[in-house]
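Should a chain be cited, it is by its letter among A, B, C and D, assigned in written order, with residues numbered from 1 in that chain.
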Amino acid sequence: MKARLIIFLNWFVLLGSTLLVCAVLGIILVDIFSKGMSSVTWEFISQPPAKGMTQGGILPAIIGTLWLTLITTLFAVPFGVACAIYLNEYAFPSILTNVIRASIRNLAGVPSIIYGLFGLALFVQAFRLGTSVLSAGLTLGLLSLPYIITTTEEALKRIPNSMREATLALGATQFETIKDVVLPSALPGILTGVILTLSRAAGETAPILFTGVAFYINGLTSSVNQEFMALPYHIYMLSTQHQSIEQVRPLAYGTSVVLIAMVFLLNLTAFYIRFKNRTQQ
Amino acid sequence: MNASKREAIDRLLKMVFRATGLVTIGLLGGIFFMLLFNSIAFFAKGNPIDFFTGSQWNPGSDAGNYSILPLLASTGFVALGSMMIAVPLGIFTATFLSELAPDTLRTILKPVIEMLAAIPSVAIGFLGIVLVGPAIARVFGIQNGLNALNGSILLAIMALPTIITISEDAISAVPKTYKEASLALGANKWATLFQVTLPAALPGLIAAVMLGLGRALGETMTVLMATGNAAALPKGFLDSIRTITATIAIEMGEVPYQTTHYFALFAIAVVLFIITLLINLLGEFFANRLRKFHA
Amino acid sequence: MDHVKLSAHNLNLFFGSKQILKNINIDFGENQITSLIGPSGCGKSTLLRCFNRMHDLSADARIEGTIQLNELDVYDKKNPVTQIRKRIGMVFQKPNPLPKSIYENLSYGLNIHQFPKDEIPGLIESALKESYLWDEVKDELKKPAVKLSGGQQQRLCIARTVVLRPEVILMDEPCSALDPISTRKIEELILSLRKDYTIVIVTHNMQQAQRISDKVAFMYLGELIEYDSTENIFKNPRQELTKNYVGGHFG
Amino acid sequence: MKYCFFCLAILLQSCIEQDKTIKIKGSDTEVNLAVELAESFHVMNPIVFVSISGGGSGLGIASLLNNTADIANSSRSINEEEITLFQQKGIQIDSFIFAQDAIAIVVAKDLPIDSISTNDLAAVLSGKYSTWKSLANKDLPVNIYGRQSNSGTHDFVKDKLSIEFSRNAKEMNGNAQILEAIRADHSGIGYVGAGYVSHGGSKALKILPVYTQENKDAVSPLDAQKIAAGKYFFQRPLFQYYKTSSYIKIKPFLDYEKGQAGQSIIHSAGYYPLRKL
């Protein structure tokens, strides 16, 4: 009898924890979507804010986040992938490369606000880019680099050496081997990592706080040295800084819906690529 | 002729890759030097002893009190609180996923956990204001739910995916032979789970907790939005607190560059950086031990 | 002996401080099949990979001595490694087709070495015919190469090497991952290739060495112990070690 | 290759493009007003972009120093230390008062207190009174909701009362958070810009008129006439600081603020315009 009770309790605790974790996600999504969906209309997505940001939409914030993601991609993807290729394909394995790898892995765990400080010191001040979408995008790019480098390296490591030997033995140069065999085979893995990293970057707030995000801008960001609005910061601002918090709460919910939908969409794309790649093999 | 041209391209691109690789590594390494340089500037101006032993962070006052202690205490306090929630919950869930859940359930639950990880921190912080805060206020009969408890709950949610994923990997990596040996000796499923499988996965579980803790310590937006931001030493979970990250977020935009206050913010950032670095290294150390152990 | 195609003189190879190959001197005759045999770890694969400079990308590999292809110094920096490898092809232990179609697997080498575009289909067809693969794949050249069976894949890898018209083909235990029937096919193929190419093959299969090779080299612990005609090595070895090995007493 | 061109294009754009954006930063008190001004300004002058960030007054002035803002909104006048910093950097600045603001002292609606003296207020905010016993005859703890130390409102109240704030004062991110907290807190007290409470923000709240030792007549921050006469204790001009060198760039916006349209927006936002309407 006692043994049965223990078994029951064990099941109860383990299953209960799992259900609780699922419930947390459920509560988050249900709360945000049930209260936010009614605000998300075509006008909300396609109009700028109006009446002291108590009405209207979030178009400038959407455009700002897209700008930011674009610049992050343009900076972090080529540099990150090139760095991973250098480390995995060119650099001879040594203590130094192992130290570099370990540092990069640990940089992925550095708080994002510290990247914000670095962006401020490097891009805003040292490079004189000012507070702008360029500074903020580059800062987010730096934040993304460790993730992109690590996931790309993992993808490259999964390509068996026999594949490289095949083309090398045919007289291909090392670059041709990378370009024609290694990268195409590693592409799904790299792409999955890149998309997941970008979805994380798009939702980040702390690194852009002092590198260029604005409370409000009366137009759409149209050049890289302008300041910008961004979806995550807009949520922060609407829920803590705005003068009539109660009045704009539906807008904050609506903005959260748009941001979460955007991030989930990116994640689903990544899952799809991973899934498709797995079933093909 | 053509062959040497191809070789030349190869050499050139090798150099390009090496250069970009080294530039990237240099940029990332720059983070550390930037922090170091700016905080040295602070310690040259201010008093390093006060920084670690004083009791007040109050840059606005005329004397300029820059003590990291209340901030550090707040940061540690809220992170420990979050671990008290997230560690049991995360490890139990991971155990369930790897040992008990049928395959179909696992393939559904794993994406659920990844989805949880994908939710931006600002959205979690927002829920701290509109959902968790009022709930805490109601349950404890207090006026305002923006306090350490709120922050701990939110940070637990943010650390859960990390803890679950790594713990699950660690538990699944325990060799089948261990379990079979235990079962063959007549131990039942539960005894095997708690006395053989989980202890064997322990280094991995510690690694999971460490990385989760690192995540909680470094999180900015949720604590900024949900903990009330009072820079006093915390006495209980219902007190408002202000973490290192929140302090940087609040004050960095508002200080003139190259002043004592500006450098002070870099100094507290260095402390945070070192703490998270140590915790991550510790996590990695345990993860490696697990790997070696099973290899 | 006939014309010497490929040779190594006083070849030493080190990985870091560890010496793997010790003072190897060997000549491979043109249009001959030479087998390298020896217990695993004796350095036979390592030696094979010296001939087309596959050690170039290992950080700590250091090579002393000379390797010559005809009169050409293989390790001379002035000779592009890509050209060396075009002239000295290689087939690996496990079939490693590129993740592309059958046709692209063959056209890849031709393209990078800039063969005239209009000659490529003809070259591919004749290489596949030479490799006894044409009849099996001629209708599905667009099919991914990985869909082929193991034996077919290995023949494809040989065809991929042959299509470049190399002078020497190095084979590193090409049948060890294959079933007996596929092995037999590959052996037939190797024998038929002898008329056009110089072939060096690493094998741990004594019967195979006997079946296909003109000459056999026995290696032990990084040293070349004995190098002679197949018949002498198996029937009448001069060294005690060789005798023990071919007699199946160790390894 | 395409990628390189694209990056080059972006870099070129960043170099060639004249920065047409007017960056206004600082002062939570003024930020919403600035947003509304920018919104209507954009309708009239769509070529000129205005980007606005909140934060405290310190942020605005710091941004001006750091060259990341063109106009610094500030609800306090610039202090000695900041003047020295500007001098050190060799930056010439000008200022312009575009409205008057009054700070409202806010408590929950059901707290039985109708007005407060500056002395009592000083005692409450500095933490001398830990309960409402002596003021409202209720044994409830005093919960103070204030701004962060870098906010102009924070400094203004602190200096006006010559106190240091209680260490238990909660430092909220903005005026709106203060209002929301007090709405939920029966024994809370806080200070916010009058602009925040005059437009429906006062729901479930009470604004305490303030009297002084000399003038026992309690004045409400919502009393426009008294404000115009400068009679309210917590009354202050709202400043805009800007660099003399960027005057040409920001002139259209300043002109708009001073004009009829701008001043009427200021009025309807709950501040007291300088011009008679």
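General observations
In the analysis below, a residue touches a chain if its C-beta (ideal position, glycine included) is under 8 Å from a C-beta of that chain, and two chains touch if they have at least 3 such contacts.
Everything numeric in this text was worked out from a predicted model, so none of it was measured.
The most centrally placed chain, judged by C-alpha centroids, is A. Ranked by the number of C-beta pairs in contact, the top chain pair here is A-B. Using mean Cα coordinates as chain centres, the one most removed from subunit D is C.
Computed from the mean C-alpha positions, the centre of subunit B lies at a distance of 53 Å from the centre of subunit C. Each chain gets one centre point, the mean of its Cα atoms, and the points for subunit A and subunit B are 17 Å apart. Distance between chain centres (mean CA atoms), subunit A to subunit D: 35 Å. If you average the Cα atoms of subunit A and of subunit C, the two centres end up 48 Å apart.
Within subunit C, contacts with two or more other chains are made by residues 81-83, 112. Chain contacts: subunit D has residues 53, 63, 66, 173 touching two or more partner chains. In subunit A, the positions touching at least two other chains are 78, 125, 173-174, 176, 240.
Contacts between chains form some other arrangement here, matching none of path, ring, star or all-to-all.
The full set of touching chain pairs reads A-B, A-C, A-D, B-C, B-D. Considering their complex, residues 80-83, 112, 114 of subunit C touch subunit B. Looking at the complex, you find that subunit A touches subunit D at residues 49-53, 71, 74, 78, 124-125, 129-132, 134, 213-219, 223-228, 237, 240-247.
Residues 52, 54, 57, 59-60, 81-86, 89-90, 92, 94, 96-99, 108-109, 112-113, 157, 160-161, 164 of subunit C are the ones that touch subunit A when the two sit in their complex. Those residues of subunit B that touch subunit D in the complex are listed here as 56, 58-61, 134, 137, 143-144, 146, 224-225, 228-232, 240, 242, 250-251, 253-257, 259. Against subunit C, in their complex, subunit B makes its touches with residues 2-4, 6-7.
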